[in-house]
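What follows is one structure encoded as structure tokens, with my remarks underneath.
By letter and in written order, the chains are A, B, C and D; residue numbering begins at 1 in each of them.
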């Protein structure tokens, strides 16, 4: 069981790096969608005996993370008529390296946190921390508003991974609440992104610097 | 009682004589015969008879000036013992009243001078108050030394104490204080080298230029008050430098009068020998006086 | 009974301005009502204080106040002593306002002014009677804030706004310091109640902490020399009766706080007394020196407040030296000088500010060199100002001399009675003498330039004397000065009770003031001075009734014009030059060149040593330095997220035990 | 009862978005607010109603915040009516709906006794308030909204991670993993320390972002600066109080776990740092609404500082939650009036507000004096209590820094505020038809009376509530 889980998590990590390495935003969104779908499926792996609600939750998660949210973002992208993230704060290769460093740090740091014995050996904690950090890298190095949304999604994915540790602990309602909030959040953000696009006729956040001291 | 009467009489009668003496001495040094010793008395009487000319600019303050000066100077004189006998008025802390009475006089003299609206008199007033800022501390240092050495805050006792107790501890301070006090005396009574009482039409005068517009009785009052001031300060000084006493009143008082006349002679000699200092050098002299008294105090308390 | 009277007075004073707010801007009734209520409050308050001074102190009155566990007010001789100037000036000032700040000529700010006037009086009275830190702070801040609103009454003038801000910042520094002090007090004594602390109950460290916090907090309000920077501007720019109140009464609240706190603490180390004495000497000397450099009548008077606070502090310092040395007579003389000078300064400084108000009211300028000859156009004000001037110079026969005499006597005693601690303090005597001489110079300059000689401007020539509503209060204050000066015996029992209240020591009971100071003799001499002067003047007047009146002779210049008069600036020039090292006057003197130079003019200005040369430049550079940090808020979301990331990582890294982490790293 | 308090506003929000007319819709706000506050008061008198389920409990801190937010919202809703009358040009559908929704989710925050549920509620407040900032539909308001949403969401995400960590901290020790507050408090001593510490850090940063603690405060000046005054008041008094409530619960768990020594270090640091940053940016601030935002940062710092000082200062801190909220109401609403009347919020144009708007100008000035802790206003009592707490805890350096930073803030704020209210309206100041109507001035006066009341007399029930909170927090499990 754990091996399969770890395999999935490694794929997730690879996806992180590819997110950092891609400049075409459409591709980035698709990758995130794939990552989300993959993660959404994890509960089926970790759960001892999947009940109907759990399956339901999994289904909802996959639908939201893998289909609906990416769809919204792709619409926004189409309205914006932009193809790729040009001149990010740091180049693609450096950001890949940064992501790699973050992953290593995550692996080392995770050792500091004692795991319950039945989770031993699982890559869940390092993978989640690494994904969170990659999300931060995207948030801090990309200038296009949409890329930042992607970063936020990756961040949420990382947290989602950690949630797997306490799949029993968190009641389904909260699970759903979290997903709902995530969804609405992305939705509102995308609306704002559209407004930005209309008001500034661009998605470059470097134009949003009129408010400062 | 008789002592008091004698003292008051001396205080009121003697002062012009000192002026006479000084002028006589200066005349001798100048190889002239000079005015009579009693000339100041005649001047005063003449001035008192004269009529008054008052500037249209002035107010009552102008006329208050001389009156206040005379009143305060006489009252200050009543605080100072003449000869060996106690002063008519004596109480703890009268030394401060003594100093501040002169302050009151200064306030009204200078105010009266400014009342004329004349630039010269303003000049004189400015100098008067400025130099007072240096003589006052000097005077107080001197009084401190006397108070410390006598252990009393009563002018009479303070001034009588130096008699016979020239202990090595006190003599050095007293000498310094004597020098300081002498300079203060010269400054306060407007003698050379600080001021020249003989010239009016100089831009560099202090006291005399303040009274340019006073005439007749007012001028007389001012001259009289100035003489009394000289007399009083001289008395204080003499108590420090020449505290000789035989013990009998009938002998001591004349002796003291002689000492006063001697002081007048000394001043006269000094005025004939020295030239007046440049105005901007006067502060140095007065600061020196302050330092003398200050060092005297330090020597005493060390 | 007395305490109830005081409380009634406080409440009615605080409410005095409210009716006016409801009335229309144009109606003069609001002002009349306010003045009536204020006068009533003043009478009640004075009556209460008087009763307390005559029949001893009243028991503590507790009233529940949830904000502070339980609040106490009480009235003892010390409180009553400080209450008298508060209510006296409160009443007189509001009457003066009738003529000086009538509602119909100041429709915009008149109501505001009267509201905060009442609050100011109420706040001061409250803090004086309170025995609980919360109540004290309440009164303190009500006073401070209403004073701010009064200072910025004419907030349309830039200068007024600037000095208002300076005052506000200064007073807030003081308030925060007091917060710290009372917190320390609570920490040390366990309660906010201001009760005397027993001998060994407090460690020296805590006592030092309390003392220095109090010295800063109260010193700021009192205008002690390095902390005086807010004072000249505030007092110069407020309406004159407000200036009179601030300078004559409010500064003393700082003194009250200091005196009160020291009365609660056990016997102080002698260093405190020495420090206060030294600070007093510095304030006195520099205060008067800066006063001489001023061209603005009210700024000059304000600097003189610094000087007088210095004299008051000298008395206090002497009293504390006496306490630590166990010399009752020093305590009595020092504290008597301190307290009586509080009253005296309240009287003559208020009188002078009211006179200055009349002058500004009549001639519409505060520039000394634009005035002159007012003694002829406003004789009444001239006489009043003369009385105030003689009094503030500490000259006999008026009240200033009496209080300064006490300080002199105390210092001299400390010097002459040979013993430890004495001879050092006595150095202050010549300093005090110099202060006196300088003050005299300064007021001769002011009186001569403003009231004597010829008018220097048309406005000054057109001046007219003030209405009775303004002259009446002046007369009352002047009479007060004269009474204390001519009959100091009257105040000695009051001072005795206040002193006993301050220093109730079991070892040595303080002797009565009468026994240590020649009150009778002073009174007699003062009377005789007056009598002889009057006699001489009458005599001279009779000697020749009809003098010939001609123009000033002036060494041959027949009729000198007003422009040839000696100006105040030139009068002060010698002394300013003498103190050049501290005054540093800025002189603008254009060079005169060519054979026929153009008409030109020079003027000089004396900056304040602390505010203009230290604080404002420092403040500007600090603001520039702060501006540097704005680059961290430049609007890029990426940066903002980065800050969050950095914070998280830094905090998490506190969890990592790096040493064993690295060890494990290489163990692998 | 909880359901009434939570759902009633949400239902009203739905109604509001259904109603057609602008002015009718605006009147729904005071209607809902009044009934909500009435219900709240009713609940507060009936302890038996305070526990609905294991997840919905109204514990003492919750009561305090619920009461505060209810009062704040009531007064603000009346102001909003007056404000919206001036903004007839645009539909207030979203505005009213979001305001009402906000009331609902805030009630949920105060009631929720499950950390996950609380997280959901707080995230919901973020989403509900975002459109309020966007009300003006200008480029600047879009920018502000964007920053608020992105920074806020990132912070909240971290809070979620922290919540998971906390859950894992209990799971790790073999306890049955839970997020309900009661169980966590009960099992607190056994929680695994490393996870607990990490969780605390993440929650501090996460909810700190919502509170606007430096250096996570960056969204605050933009949002407060661009949002209408009434929204600013609701943010500074309501949203921040909710975030603080969340942080308080976390602190409570760590305290129960006996970790207060560790937490107080972080809290003190963040508190002082926030005050310092606020001071840095307030000195020489030329935009008086941004200045208010920084003042809010400062006071969040004060709250956290009080928490860090711990037991001796808790009473003052809790009182400060109330006094700060109410005083912020005065400041933001009066500032809103001034802003509308001058159509500018830069002190280069805005002068002499006391002449153009006598009431708002004076109240703005009074609010400034109050918020900087001058007697006799409410914040003085609370800040002084916190100071005394610092002394009592023997933290003299902290106390000194606290006072010093208060002074810096006072100087910065004072310079700006006096510029605004004093003097004559400058020549380039545009004149606008806006004048002080009843609805836009009465609430401000009401707020000011509350502030003054809290300064001289704290009502017994409120005092009792605060003491309950302190006792509740002090309980060692």
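Here is the rule we go by: a contact is a pair of C-beta atoms (placed from the backbone, for glycine too) under 8 Å apart; a residue touches a chain by one contact, two chains touch by 3 or more.
A quick note: this is a predicted structure, and the numbers were derived from the prediction, not measured.
K.L.:
Touching chain B and chain D alike: which chains?
P.N.:
Of all the chains present, those in contact with both chain B and chain D are C.
K.L.:
At what distance in angstrom does the C-alpha mean of chain D lie from that of chain C?
P.N.:
Computed from C-alpha means, the inter-chain centre distance equals 42 Å.
K.L.:
Measure off the straight-line distance from the CA centroid of chain A to the CA centroid of chain C, and report it in whole Å.
P.N.:
It comes to 68 Å between the two C-alpha centres.
K.L.:
Distance-wise, how many Å sit between the C-alpha centres of chain B and chain C, to the nearest whole number?
P.N.:
From the centre of chain B to the centre of chain C is 37 Å.
K.L.:
Mind checking the centre-to-centre distance between chain A and chain D? Centres are C-alpha means, answer in whole Å.
P.N.:
Distance between chain centres: 31 Å.
K.L.:
Residues touching two or more other chains, restricted to chain B: which are they?
P.N.:
In chain B, no residue touches at least two other chains, as defined above.
K.L.:
By residue number and range, which residues of chain D touch two or more other chains?
P.N.:
143, 146-147, 150, 154, 194, 198, 221-222, 281
K.L.:
So which stretches of chain C touch two or more other chains?
P.N.:
630, 633, 635, 637, 639, 641, 652, 655
K.L.:
Go through the chains and record each pair that touches.
P.N.:
A-C, A-D, B-C, C-D
K.L.:
Touching chain A in the complex: which residues of chain D?
P.N.:
Per the touch definition, chain D meets chain A at residues 114, 116-117, 119-120, 123-124, 126-127, 130, 134, 139-140, 142-147, 149-150, 153-154, 157, 160-161, 164-165, 167-168, 170-172, 174, 177-179, 192, 194-195, 198, 221-222, 225-226, 281, 285, 290.
K.L.:
Within the complex, which stretch of chain D touches chain C?
P.N.:
By the definition above, chain D touches chain C via 143, 146-147, 150-151, 154-155, 158, 194, 197-198, 201-202, 204-205, 209, 215-216, 218-219, 221-222, 266, 280-281, 283-284, 352, 354-355, 369, 372, 374-376, 380-381, 384, 387-388, 390-392, 399-400, 403, 406-407, 410-411, 414-415, 418, 422-424, 455-458, 460, 463.
K.L.:
Could you please specify the touching residues of chain C with respect to chain A in the complex?
P.N.:
630, 633-639, 641-642, 645, 652, 655-657, 661, 664-665
K.L.:
Of all residues in chain C, which touch chain B in the complex?
P.N.:
For this pair, the touching residues of chain C are 372-373, 375-376, 379, 382, 386, 389-390, 393-396, 401, 404-405, 408-409, 412-413, 415-418, 423, 426, 429-434, 436-438, 440-441, 443-445, 447-449, 452-454, 517-518, 521-522, 525, 528-529, 532-533, 535-537, 540-541, 543-544, 547-555, 560, 562, 564-566, 570-575, 578.
K.L.:
So in the complex, the part of chain C that touches chain D is made up of which residues?
P.N.:
Contact set of chain C toward chain D: 65-67, 108, 137-138, 140-142, 145, 152, 155-156, 158, 161, 164-165, 168-169, 172-173, 175-177, 179-180, 183-184, 186-187, 622-623, 626-627, 629-630, 633, 635, 637, 639-641, 643-644, 646-648, 651-652, 655.
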